[in-house]
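Right after this note come the structures.
Below, chain A partners chain B and then partners chain C, in two separate complexes.
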Partner chain A sequence: MTVQRDVVVKQLADVRPLGNEEGLIPQFGVLINNLPANFWNLATMRLLDAAQGERRKELEAALVDCAHQCGYNTGYGIVNSEEFQSVVMPMVTEGAKDVLRGAYAVFTAWGWAKSGIAQIKEGEKMVIRAVDYYEADEKPGYHMAYMIRGVSAAFFDIAYGGDYPNGLNTFDCEQTQGIEMGDKFGEFVVTKK
Partner chain B sequence: MSIKVEHSFDDQTYRHYLNGTLTVMHCHHYMALATQLAEQFADIGAPQILADAAEDSIRPMLDDYFAKNGVGSADEKLAVGVEYYAVIGMGKMQASGSEAGGQASLSASHMDQGWEMKWGKRDTPMNYWTRGYIAAVFAAAFGKPARSYVVTEEAGMITGAPESKFTIRLK
Partner chain C sequence: MAAESSTEVLQEILNVPGIKAIVVVGRDGFVIETAGSLGTMDLDTLGASVAMLLNGAESMGAEMQLSAFNTLTLEAANAMIMCTPVGDALLVILAPDSKTLGMIRLQIKKTIPRLASFF
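After this line comes the complex of A and B, so read on.
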């Protein structure tokens, strides 16, 4: 057996994030927010449209870095969460590769991107494909899935970058295809930095 | 008053909706880093871009809720805005005012507490996102277009203040 995405999705998709009496959502060792997805797209697109030349390149790197750090810290919390341990880990038979499959199943179940691993060479390279993701909802004329890029690099960091928290930034991720650019799916390639 | 909260899930796209609005969960790391990024790109107006994106994404969510639930008066709309802030995990807000403006405060704040968890306290307020949120609430409550209100963060929990405080003024 290996990790079956649809089984994980079925068991974890019933997430109901809701603020407590303080209006906060503490979970997985972090505070969660549950904002309109459009906020993130509008902010990203308007920032990119306002930045020119070298500043735009710096901005793109910073956008990926936000998701990379978030994905590394929260991803580690998720992989070690009760939900992951009870739903995903019983299906893990192929070590880190299966844990990664489980991470993308959670990534899918919780609405970030309907995605999975298309190719993997353990510890070296991974190709992710996403057939639906909120970052593709705007059509700005450029690739805009900085969140998926950062989180994908972070997941590979967690799996193959060494012990947490020292593995951050071991890997990098580039977007090679995007639904927001008219492609059938988004494609993301993770390699060593 | 207690607002209705209905979560739904699209089993084709695997997307999640809150009262019909597409929403996505993120963590305080992401929000704090996005805020830090905005400050690093102040030369292109990034803090205000963040606030305006918040205003423009929150306003349709509120207008939709008001329409679907028959929320008619300005006071009721302000109250819904305050409660919605907590529902989406951004903290505990109080707000009052009139068409001309008003005040808002936070006794719990995802932004401030998240920043502090990550980097500790700082000397200046930085809750740009909530400035945009409050602008959306007041504009929605009083039937004004976007950018009608100037929201200023006068005090921030992140600086050690017991509450974050905002003033709201009609342009």
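After this line comes the complex of A and C, so read on.
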């Protein structure tokens, strides 16, 4: 037995977190928000188009870092949430590997990216594939799934990077394929920094 | 020379006469990659079913004190499905019948080590 993602997706897809009077959603120990995907895509592309050369590289690193920090703190909140503990943890039989499988099932259920683990070498490397993600709605002529890059590195940090909050930035993630570039799927490779 | 991709290896397997489609499924039921003609099949449901099958086979194997399974073959009137572990995932071969089962097995045996480096 291992984590069955369809069970997780079916149970969590119906959860509808409610916003507070400021429009923010207090969940998983952090504040999350709910904005249209094309808002994020447009903001990302305009920022990138405005930056050239070295500035563009810095900007790309900053976009990944935003997702990395967000994914680390939110991801930690998610795996310690009541929802995760009651839905995913009873199916965990392979330790951190299964927790990661559950994390990607949650990631899918809540619409961030339909994604999962293609390969995992515990504590060393992880390959993620995504067949549907919001950055894939655009065709910018470059890889732009910065969110999945940052969050994937963050999830591996949580699993193998040492005790929270000291494990942040242990791992890094590169995008090797992207639907936004005409590939069949997005592929993301997490390795040690 | 560029390194080969899992897509290329799957296409190579697909060249064996009789194979209609190939699906690589993670142990959690995530459909990692597909090749060939899957028609209107719901891949999420297929992935979940394969994961359940794998769990069932492993539970049965553990109960009967068998070592890890190598191949699981399901034959129906109009289909043959063969499942083989590849790395941490499962390679699922779909064929309309078992006429070329021998060739399929041979090709799988030759290709698994290459595919295992991706999953």
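Here is the rule we go by: the second predicted complex is superposed on the first by the 189 of 193 C-alpha atoms of A that agree within 3 Å, B and C clash if a C-alpha of one lies under 4 Å from a C-alpha of the other, contacts with A are read in each partner's own complex, and residues count from 1 in each chain.
Simple rule for what comes next: contacts are C-beta pairs under 8 Å (C-beta built on N, C-alpha and C of every residue); 3 or more make two chains touch, one makes a residue touch a chain.
These numbers come from a predicted model, not from an experiment.
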Fit or clash - chain C, chain B, common chain A: fit
Which of chain B and chain C A:Y134 touches, first, second, both or neither: first
Which superposed partner A:R149 touches (first chain B, second chain C, both, neither): neither
Of chain C and chain B, partner touching more chain A residues: B
Contacts of A:F39 with chain B and chain C, given as first, second, both or neither: first
Partner chain in contact with A:A109 - chain B first, chain C second, else both or neither: first
Partner chain in contact with A:I120 - chain B first, chain C second, else both or neither: second
Touching partner for A:L24 - first (chain B), second (chain C), both, neither: first
After the two structures are overlaid on chain A, angle v-u-w for chain B, chain A, chain C in degrees (C-alpha centres, nearest 10): 140
Lowest C-alpha to C-alpha distance for chain C against chain B (Å): 8
Interface residues of chain A shared between complexes with chain B and chain C: 9
In the complex with chain B, residue positions of chain A that touch it: 9, 13-19, 21-25, 28, 30-40, 42-43, 46-47, 50-51, 55, 59, 62-63, 65-67, 69-70, 73-74, 108-112, 114, 132, 134, 137
Residues of chain C defined as touching chain A within the complex: 7, 26-33, 44-45, 47-48, 51-52, 55, 58-59, 87-89, 118-119
Residues of chain A that touch chain C when the two form their complex: 1-6, 9, 101, 104-105, 116-120, 127, 129, 131, 184-185
Chain A-facing residues of chain B, complex: 5, 7, 9, 11, 13-16, 18, 21-31, 33-34, 37, 40-41, 43-46, 49-50, 52-54, 56-58, 60-61, 85-93, 107-108, 110, 113-114, 117
